[in-house]
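Two complexes are shown next, each including subunit A; its partner changes from subunit B in the first to subunit C in the second.
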Partner chain A sequence: MKTSRMPSMGRRQFMQTSAAAGALGLAAPGRLALAQSASPVNLHTWSAAVDTVKSHLTAFEEHTGIPVNYGNSPWAQYREGMVTKFVGGAPLDMMWVSDAWLPEWAEAGWIAPVDDFDFLMKYNAEAEDFCTNSMTYDGRQYGLTYYTDFMAFLYDEEKLKEAGFDAPPETWDEVVEQSLVMKEKGIAEYPMMLAMAQESWLIEFMSALVYSHGGRFVDDNGDAIMQHEGNGAVEALRWVVDGVRKHGIISPACVETGELSGLKAFASGNHAFALVAKYRLRMLNDPEQSQVAGNVKQAMMPMGSNGAHDTVGWMRFHGMSAQAAADQQRAENTAKLIEWFGGKADGEYKFQKLLFLDIGAGFGVKPLFEDPEIRAAYDAYGDVDMIQKQQAQARKKDVITPWFGEWSETNGSAWQSAILGNVDPKAALEKSAELWAELKSEY
Partner chain B sequence: MAVLMAVAVFPILYSLWLSFFRMKLTRPNRTPFVWFENYTDLLGNELFWVSVARTVTFTVTSVAAIAVIALLVSLLLNQDFRGRRVLSTILLIPWAIPYVANALMWKWIYDSGYGALNGVLYQLDFIDKYMVWLGDQDKTIFLIANAFVWKEVPLATILLLVTLKSIPADLYQAARVDGAGIWQRFTHVTLPSMKPGFMLVMIYETMMAIRHFDLFFILTEGGPGDASHVLSWHIYVETFRNLSFGSGAAMSYILAIVTFVLAYFIIRFLGRRV
Partner chain C sequence: MSTAQPQPRAVTGADYRRRQTIAAWTRTGVILVSSVVLLFYVLAPVAWLVSSSIQTEAEIVSVPPHWIPEEPTLQNFRAIFKATEEEEVTYENRSGVDPAAGGFIPSTAQNLLPAMWNSFLVATLVVIFNLLVGVPAAYAMAKIRYWGRNGSVYFILITRVIPDIALVVPFFLVIRKLGLLDTISSLVITYLAITVPFTVFILIQYFEGLPDELDKAARVDGCSRLQSLLRVFLPLSLPSLVAVVLFTFLTSWNEFLLALMFTQTEASQTLPILLASFTSDFTISFSFINAAGVLAIIPPVIVAILFERYIVSGLTAGAVKG
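Let's turn to the complex of A and B:
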């Protein structure tokens, strides 16, 4: 049998060949060389818009030659999973961060500020203030917008007309007034939909109520003021308690109603008013998903007696890990990826726009409101000017601190206890404030 | 042996070690050794005692209901009648359903807006409007107990049925000869002979109830207010939401000790009479 053999290569010859190959590699066109030498950026997100992320990543890799390792995990386990990754030292450069975790992760030294990169900071000029504020902790900015949204007050126009009202309520008192008429006319048993179950959305619902009552949970020094009459929180909680127990315009089941269940109930036509995330407007006006499609409109957030039309906004942003920041090359590559997603790619806010057109997620940069495609998409289910106006009055959550997670559990229970009639609203918030002070001193 | 050490002994000892530290994952640079402070702090924690009370209510209600229902069903299945096998098979269905699926099913049943319970009661004219179930703090723990009982009765029934089958027929014949009626045969022969089965059911179900988590997680997340804030939920929140592994480990040890002590007393109390 005839066999062929590779010609043998001596040590000297091998070294010469290797050196030549190396030199050839260095001399190759820049992009190819970068692709071969750049270490990959490790990106981890929660499992949302995965296909959109992947296609945008492919474009990034083609554009820069920087490879990216992409992984994702469900939102429900994301925070705990990320903390474990941080503690365990798993390779991680860029990740999605919720504004609620920013102080905790920054204090622990897991994520790093990105404000040393001027090419990232230039986008602040076009971003909503509450977005930049929500990404800032202790004077440092930790990322660029992934998506943002705010809590909106929605109403069913048909039910409103049936009750004899031409315009939606301007104040929370008017919400009660109109709801009572609807209740009396049998239009809805519980006209106002509030989802007050213990879940991550709860703080957004509470904050919207508190801000629109002209209040805050804490002052500029971070000290609790929620327990004091006249600071908005007691009034907001009292309004909810009265809505459930005195007027009967909010279902007592609100304490077991989560955001999604509440949304479904509103989409089924059970309610006339609802406090929901603005991006839900698209689903509510989609005939395939909602029985009240076409009737759902947005109004400015009703005001409390000392309030304004303020609401709460929230942020999810692209952040950089401390381990990436510690290595100049990794940091630069990561910052480029952050810009590709949170800033402009090929001269436009491509990812924020894609995300909006794909799943209706809100964007944090003002110029996109003028984009014809975005306006056309919004016009199909909402009033873009109203959305822009309300977004301009969105404020960041003032309770976001390293101890937010621990406080939030107790605060949620306190609000629920008041709604159930176990304690007076003021007493409930005193308990909440007491824990706030305790945790603040502990940290 | 090495595998056992790695997957059982090491985690147990390591978690005990952790319980002596003020260890919080979100404060990685501050984990002081605090001896028994995590344990003593619990004694002054109001919510901890609330969770203990809720756990006791849930456990007592569930175990009592399981024992009674399982006894009645096992007595029924011990009789010869047509359809007994079919009934026995149907009885096993809840047991075959995973805990999480069971919890999701009951969440749909109890939902105040579209739940089956409201639908059935409304159509039967028992209620004139949809009721709030899980959102009513006076009912919450008992409704969760009901879902737990539904899942646990089949196993308890099988355990009791096996015990029933093992009672010698001679004992009943002797009792009849002595002139004992049905009730006397039940109280003097059946019940005393079933004590080993009862002991098993009581120990197993008590342990399951005290440590039960799935239903609380899916149905109420400890709410409304703190109406279903049981010990297992408290441990979960402390460990996996607050990421306080030190105090979470301490609570877990307390729960383990309580479970052991209860099991010991059940064995002593019932075992003495077996």
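Let's turn to the complex of A and C:
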């Protein structure tokens, strides 16, 4: 048999050559990237308003000469990704932080307070109180507002008129009353849309219901008061349970309905009332995206018997990493970038305004309500005065603590259990309060 | 009073044939109906994906759903394929539209094709390196008797028992130390760690099924180990090699967790990450994300169709020894 001779190479030599070539080839891009960088600020966000962020960064780099490395990750996995980056020591200076993660990230020492920078703190004077409160943990402030919003009560004006009502409900009792008429007239099978599935939105829905019933989950000392009659939470849960089981105005499937599914159902014209984030108003009145465009209006949050028109507000903020804070120059540059985004850039709240105009995200500074461009944009799909009035009555979530994640799951299940009729509302909240007390003592 | 007892009728040949025909028709009918149901079950989600990708957002949420779009539009695909030169984003040229704004094309739509290219590049490199590493390793373990051979096979298998999530932080530290964060090299290295054990395992099983005599004959004829592998074993291992190529390509194409951790800009982000980024904290555009989904499934479907006839024989390679 004739065989051609192949070039010979010993096994050991082959292994050595391969390893060296592989290491060189794979490490080269990283080395090159390192060589090109010159102490930039590392900014990481989730993938929202990417072009708006980039345009504002371009202006920042031109204005200050400080380069910025900008990266982003999907929103749904952002927190997990950031935790890995913190633990793995990835270069991070500024990042977006949700108010819900603040206790965890602050306790872990991943983010640092920014209240030593006076040029950042001066913006608190014009910020909504609930925004400043939401960025504060253990007496220290950790950033400036990226965007904010609140839970709004929306209604379909056409359905309301069809049912013979001239004005939206003022109280939760009136919601029941109007819904029953709509149900009877066949206008909607379940006039009220509530999304009570176990997801990150659930605490916002529950808080809005509790606050508007004049209550709170915990008192100023952080002790549970949710289980007591007359403190709002029991009344709020009882209203939901009655809405599902007694009046049939809320779908029993609400325990499996997420915020987005609920929104799409409302956009399809299946409901007359909805509890959704205020910024959804824009989408709901857009004919490209909604079957009920033009009919969706906002009313003040209905009141419970002992309540007011209060609602829950939430926010995301620009925070500084602890590794940036540890280096004076990095901290200074990062604080400048935080101001550029969360405060004024070239004398105006440029980024918050752009964010609102581009994607409809709410702002946390009161002067922007007087901006003519913003008023005009709001008026295209909503009532700016109503929005301002409701935002003024927004309050921060009172349950955001290091043990919030653990408690939230049990609390959500307790509410769902009551809605499904498996347990009395008061008993459900007693269980929640019990766990709260237990976790608080453990932490 | 006498009553006439009915006599059982003798089964004639005609009856038997009629029963046979009925049974055959029934069997055919059941198979046909089951096939249609199964086909609908499998194809309906894909059909909806394609249909909704050319619907407007308002039409998608209409009740009842429109399987055939009333106002078909290609705007999602136009946004993806819109060729733009890479330029600095300023206030003036920013897209300024995101799903919540009513223009429901995310501003990152144009990153979809670069992300597909990144995915393709990563998947192809992983396939090539898998073959370069896995084939010689499997050949050695299958055909060369050495001390610790069984141990090394089990050790390779054990590495697949560790869940990927447990490897994220250690991988992250290694990648950071190498200075490879936000590069496609980071994905190639880590995907190899995941796929090579499977490749080696599949190929060992297949090589062991080939007679040792082939190896010995090749050696007697003057082949080196490498020549024996390249000239004798590889041509006989086509089904298992195809299975390996498919497995590694699809695993790399779809991988999400590690890509999420190691990439952060469009320079390295792969398709699953970009698709996930279309779901923002504000909203989600079903029509756009479905259009992106249509494009995302095309390459794996093409690969699967091309190699379809080898898939089953490759995956069952070595399952039963003769």
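What we mean here is this: the second predicted complex is superposed on the first by the 405 of 443 C-alpha atoms of A that agree within 3 Å, B and C clash if a C-alpha of one lies under 4 Å from a C-alpha of the other, contacts with A are read in each partner's own complex, and residues count from 1 in each chain.
The definition used in the following text is that a residue touches a chain if its C-beta (ideal position, glycine included) is under 8 Å from a C-beta of that chain, and two chains touch if they have at least 3 such contacts.
The structure presented is a predicted model; accordingly, all values stated were derived computationally and were not measured.
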*asked:* With both complexes overlaid on chain A, does A:P252 touch subunit B (first), subunit C (second), both or neither?
replied: first
*Return first, second, both or neither, reflecting whether A:S73 touches subunit B, subunit C, both chains, or no partner chain.*
second
*In the superposed arrangement, which partner chain does A:E104 touch: subunit B (first), subunit C (second), both, or neither?*
first
*Of subunit B and subunit C, which one contacts the greater number of residues in subunit A?*
C
*Applying the touch criterion given at the start, work out whether A:V87 contacts subunit B, subunit C, both or neither, answering first, second, both or neither.*
both
_If we overlay the two complexes on their shared chain A, which of subunit B and subunit C does A:N270 touch? Say first, second, both or neither._
both
*Overlap of the subunit B and subunit C footprints on subunit A, residue-wise?*
80, 84, 87, 264, 268, 270
*Where on subunit B does subunit A make contact in their complex?*
25-29, 47, 111-113, 129, 132-137, 220-227, 229, 237, 240-243
*In their shared complex, at which residues does subunit A touch subunit C?*
1, 3, 6, 8, 25-27, 29-31, 33-34, 44, 46-52, 54-56, 58-59, 70-77, 80-81, 84-85, 87-90, 260, 263-264, 267-270, 279-280, 282-283, 286-291, 293, 316, 354, 357-361
*subunit B contact footprint on subunit A (complex, rising order)*: 80, 83-84, 87, 104-105, 107-109, 189, 197-199, 251-257, 261, 264-265, 268, 270, 402, 405-406, 409-410, 412-413, 416-417, 419-420, 422
*Which of the residues in subunit C come into contact with subunit A in the complex?*
56-58, 61-63, 88-91, 93-104, 106-108, 168-169, 172-173, 176, 178-183, 185, 188-189, 221-224, 226-227, 260-261, 264-265, 273, 276-284
